[in-house]
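By letter and in written order, the chains are A, B, C, D, E and F; residue numbering begins at 1 in each of them.
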Amino acid sequence: MPNYERILLTGAAGRLGSVLRPGLAHLAKKIRLADREPLGDLKPNEEAAIFDLADMEATIEAAKDCDAIVHFGGAPHECVWETVLDSSIRGSYHIYEAARRHGVKRVIYASSVHAIGYHEVEAQIGVDAPPRPDSLYGVSKCFVESLSRLYWDKFGIETACLRIFSSFPEPADRRMLWSYLSFADCVRLVEAALTAPRVGHTISFGISDNKVKPVDNSGANHLGFTPLDSSEPAREGVEGRTPVPDPLRPSVRYLGGWFCELGHPDDKPAE
Amino acid sequence: MPNYERILLTGAAGRLGSVLRPGLAHLAKKIRLADREPLGDLKPNEEAAIFDLADMEATIEAAKDCDAIVHFGGAPHECVWETVLDSSIRGSYHIYEAARRHGVKRVIYASSVHAIGYHEVEAQIGVDAPPRPDSLYGVSKCFVESLSRLYWDKFGIETACLRIFSSFPEPADRRMLWSYLSFADCVRLVEAALTAPRVGHTISFGISDNKVKPVDNSGANHLGFTPLDSSEPAREGVEGRTPVPDPLRPSVRYLGGWFCELGHPDDKPAE
Amino acid sequence: MPNYERILLTGAAGRLGSVLRPGLAHLAKKIRLADREPLGDLKPNEEAAIFDLADMEATIEAAKDCDAIVHFGGAPHECVWETVLDSSIRGSYHIYEAARRHGVKRVIYASSVHAIGYHEVEAQIGVDAPPRPDSLYGVSKCFVESLSRLYWDKFGIETACLRIFSSFPEPADRRMLWSYLSFADCVRLVEAALTAPRVGHTISFGISDNKVKPVDNSGANHLGFTPLDSSEPAREGVEGRTPVPDPLRPSVRYLGGWFCELGHPDDKPAE
Amino acid sequence: MPNYERILLTGAAGRLGSVLRPGLAHLAKKIRLADREPLGDLKPNEEAAIFDLADMEATIEAAKDCDAIVHFGGAPHECVWETVLDSSIRGSYHIYEAARRHGVKRVIYASSVHAIGYHEVEAQIGVDAPPRPDSLYGVSKCFVESLSRLYWDKFGIETACLRIFSSFPEPADRRMLWSYLSFADCVRLVEAALTAPRVGHTISFGISDNKVKPVDNSGANHLGFTPLDSSEPAREGVEGRTPVPDPLRPSVRYLGGWFCELGHPDDKPAE
Amino acid sequence: MPNYERILLTGAAGRLGSVLRPGLAHLAKKIRLADREPLGDLKPNEEAAIFDLADMEATIEAAKDCDAIVHFGGAPHECVWETVLDSSIRGSYHIYEAARRHGVKRVIYASSVHAIGYHEVEAQIGVDAPPRPDSLYGVSKCFVESLSRLYWDKFGIETACLRIFSSFPEPADRRMLWSYLSFADCVRLVEAALTAPRVGHTISFGISDNKVKPVDNSGANHLGFTPLDSSEPAREGVEGRTPVPDPLRPSVRYLGGWFCELGHPDDKPAE
Amino acid sequence: MPNYERILLTGAAGRLGSVLRPGLAHLAKKIRLADREPLGDLKPNEEAAIFDLADMEATIEAAKDCDAIVHFGGAPHECVWETVLDSSIRGSYHIYEAARRHGVKRVIYASSVHAIGYHEVEAQIGVDAPPRPDSLYGVSKCFVESLSRLYWDKFGIETACLRIFSSFPEPADRRMLWSYLSFADCVRLVEAALTAPRVGHTISFGISDNKVKPVDNSGANHLGFTPLDSSEPAREGVEGRTPVPDPLRPSVRYLGGWFCELGHPDDKPAE
């Protein structure tokens, strides 16, 4: 018996959205897949909603008849300001208004390590460490974390902000040996957040059970997330093809990795 | 070789006492079973002591020749004040006086989640969070926690206060999916507290290795308790026969569960 | 314009009650003075209520038409168990039931340093340090602190628990050079607790602005209490007639002072 | 000898800008006054820059030849989303880009109590408590706090975020008896932030030396701010003309006051 | 592919050095074995360096061409002051100067539980608890912990200080049932510290996965150390041949064990 | 009536020793002045003891008949290792052995900001922050702080470690505007430490009541030290003759000031 009638999944055509699309199927009678890109063939339990998150009306419309939103849409990495503003800041505001206006009671939000990317690895921060974004992308994640806190405190809409570290098919570099979140663990994390009896406003790190652990996620133990994967199988390959990192570089020192070595996105030609 | 000569077990005829009676047998040459209810047939290592904890003289007498007390007696749930006062407050004072007068050096006390029942689940409290009882029952647990602290600081009697969450044959509702303490884990917890090399005055949560974890028990790691059971096998059944809870209800928001929705016990006819 | 219609002051004939009686007069149209001892002549704004706190019915009756209770009654120092039980535990329960049944919304409670008497001076504890009572008297203070927490969390009755250190006409020994609370500061503290816009459930230390400061009261800054007195004027006299203390003695090491060197009160003839 | 060559002051025509305009005059050879409203006659040390913060080019231009920015511009209270977005989010981004592009090394930002408005008064939070905005206005303050953190961590631009509580000519209601920041103390606070030897990224509360203290500002002691004013002179007047507040109302319970009782601004006709 | 060109291992002939000698072989092309005692036959990947750590010139010479130092040399237990001073204080200074002068970027240091031996077991301290040495030996460990912190903060040389508890062939007494670090886990810990991407200055406890856990090592999770052994297999034997300990003895109360019951080493004839 | 029979003051001819010599006169019947430099004419209450702290026998002899030691001797700033070792490490060990062998019960030790010099100003550390020395001098201060902790925990000798910031005739540079400790406040601090009823092992910062406050000394409030001086009178002069500092320089960023910009002392010719 699924927990939900209809889940709205934004960013459904993206890297993680594509994984969540089948992964969350058993949790709702229907999944409404939202993206501005085409979504391919739909399964019987799927609905498509093609629109841009910057379009407030369309976004609000998309939440109709939903009782949960899994919000993975928006710019997936560092971008110029205008893109961050439209897709992540304005778009996420639209999502929360959609939730509020349609009485959606729980939102799962794809926050990111880049919201706290300037904390040091050896600081072993917990989930309530102050924001230290490493990019405009990270600032937009902080924005949604505080926006969703408002919607919880004032409007009673629960949110789990999942600070996803590096969720890729496999660990691609040495940093991912500790920052890796397998696709399967990513699904487990979202599922836990959707089914936990009480979320309130919870911030959780999203990381697999890797050997080196850079943060303390115990403050989110009530989500019931237990990662089952690890980067260890990839270690030999990664270490074989990449040099030992210099621990004094910002990209090794800080949680955010190479985002901490990026310049300002507006200094480069727009993407 | 058992650790103890003779353990006094109060509440021996109760739900948990009945489980501890055989479960602790190997730890002492003798177990003295105390209750005001009959105890059935005794095994060779067992002794019976039938009395009411409100009877100071009888309680003190019962601790004679004991070198440990496992105190699970007293009212097992919310009651009218007079019952709480007699069975839990006065009765527990009698137990500590019994320990002091007979030189008993370690007491294991059945405290309860209801001593901190008004903390929120997502607060992820540790064992040193301030008291927030959810009932007169919970207030009496706080009373014994502070009384036993006095007996440690002033008289050198060690106590482990075990804040038992929900110890039943199996998880009976959705809250128990995170608050469940299996009977076997309950025995493991008491055994750990009896055999740990150093207890001093320790407060520990008593909870199985459930998926959703509502508190942080790491402050009691020196007891050496590792739960081996989990509520997971019961999940499908529980979820199948109970509706999804409303996370905004006090009974879901707070650790104490439905105790937080009880009125005052003196407003109802005495039980 | 007074804040209250009628304040119930218990222990009104006691050392501190006698000081509060005139000190709080301007805060209410009427003050109802409660004690089991006679109260002398009454002023026009005063009413007398002579009863024993152990008498539940009388205690509840005494709160009728009151909108605040200043609860300074009960045993004022270490006593045998039966006295502590009757006057402080049962009596305080009666007070909270009186508040609940008559809709009194704020209680000011005379807690004590002896609720945390076994913390070390150099630990510089704050108001949320775990209970460590130094006496049965202290245990009863812990009891009321947790009882009042319940009445706040469940019934919405605010309480300020004032952990009074040493409130006497003047510092009488070397410990009081840091534990002294002048009578005038005691009145200021109770007044602050009665007039603060929001108390919720607050624990505050009660200590004058002495040179040596043994605790950190910043957690209660929302009460708006600022002590104006100090033990310094008495220093020369006290030091002249008392020897330098041995810092290794429990009475110097711990906040509770000589209470930490008392034996068990039930070992001595009842007072 | 002034510390700065030229300070850019945004919101110069606003309530606080009008106070800072003369108040900061001695700290720089020139003050460039920015607002979209007219600024009246200029003194010899003043320059005017009339533009809208939503205009990126104009905002950047305004910072030319400045070595400090005092950013008090943007919407001064709760507004509809589009206004918050343009004036506070986009406008503040423009300010930080202006600082970065012109090599301005220190920014003083008018944050607000409304960035942490949903913390309880009795929680006595410090400056590193997690964000809990009470309004879209508050969310925009959180946005700038995290944006400025990025500009410090990545670009080395110092910012002091001053969480101003209630800065008005005088305390206007009972809440302001604890939230009041006098105009003179506001100037002192900005001056301290401009002259402190090391700001890095500092968050400070802005509150006068009122009797009731709702937060702990010790984490910002390196700014060297000492308030000299207090709401006490206004107490009698305020209490005489306003009723005693109900401590259970959100507006009394939470730091943000009546902002916590506001509905959503987009539900009302735009201002 | 080994991580290092050449590791210098001091104390290579000692109890733990003898275990690390083969255990770390795969991590470097060469291991230079340093001791003042003979080292037996050398394997092809091994080099010998026989000298006394008190000899500064020889110590510095020994680090030539090394890119990591595993510093397990110096007095292995409580000694008279002159020995502690020469072998541990002066010797370790020489090691850090050797690292600095030869550009060695990472040092693994054998610190000890005796650096924090006077913390209580039930305090469940973390890795950043203040120093509380239990012996001159422990004081010398604190010295190197702070010296290495300087060499990190000022000279950029990383150090992992491993506070080894009881690393012996097997648990020899009841305390070791919780303090035991198996030889294999000791090798795992040093290996983790040598291969972790970022160490900075990290303090880690060194303890196997024993049932009773006396400390919280989560602050060092970025080392990636997971103990795989436990003292449990030895429990029955140890408990069978040793009496139940008195929990009030300093050797049971404190982490340092029987070191806390030692007198001053200079009061006894020099070893 | 003085608190002590005879105080041993080391470093009596030094900058601070010369101030303490008359400043502490009223606290003891005799003050024994120790230094290796001549001490000038002695007053009737003074005794001279000329020796080098590196001379163990002489140091121990000097403590005979003393009941307190004020240990301000040893190298007063960064030095080559051999000097630090002899005068501060070995010398201080001799002092503690002197205290132990002669039954001296309280030591006041001149520690330094340089024991925690690598903490950032805006971190607002308390007295229990982990050691982060900025120099070999600072490392030797950490050494004595841990050594004295041992002598307290094991031998019951109390120590107050006073981390003196910048105690000079007047503030000499901009950093001293926040790090200044006036000579009079230095005397007050030592006097407080000598007369506090309970010191145990206390670490306290030593700083006047300057406007900018870089640390939180509340953890030492039981010493009863209240600074009465401030650097403000010197501000105008200092700021007039020194440029505005760059907040990004280590000497401004860290508590230790220019010590953080020093190279290694052994790289320079010995002093």
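A few points about this structure:
Just so it is clear, contacts are C-beta pairs under 8 Å (C-beta built on N, C-alpha and C of every residue); 3 or more make two chains touch, one makes a residue touch a chain.
Fair warning: this is a prediction, and the values are worked out from it, not measured in the lab.
For the pair subunit C and subunit D, chains touching both partners: F.
More C-beta pairs touch across one of A-E and A-D than the other; that pair is A-D. Between the Cα centres of subunit B and subunit D there is a gap of 52 Å. Centre-to-centre, using mean CA coordinates, subunit E is 31 Å away from subunit F. Separation between the centroids of subunit D and subunit F, computed from CA atoms only, is 41 Å.
Residue positions of subunit A touching 2 or more other chains: 218. Under the contact rule defined at the top, the touching pairs of chains are A-B, A-D, A-E, B-C, B-E, C-D, C-F, D-F, E-F.
By the touch criterion stated above, subunit C contacts subunit D in their complex at residues 1, 3, 105-106, 156, 158, 192, 196-202, 218-224, 226. Touching subunit F in their complex are the following residues of subunit C: 120-122, 124, 174-175, 177-178, 210-214, 216, 218, 239-240, 244-245, 247-248, 252-253.
Within the complex formed with subunit C, the residues of subunit B that make contact are 81, 85, 89-90, 93, 97, 100, 115, 118, 128, 130-136, 138-139, 142-143, 145-147, 149-150, 153-155, 260, 264, 266.
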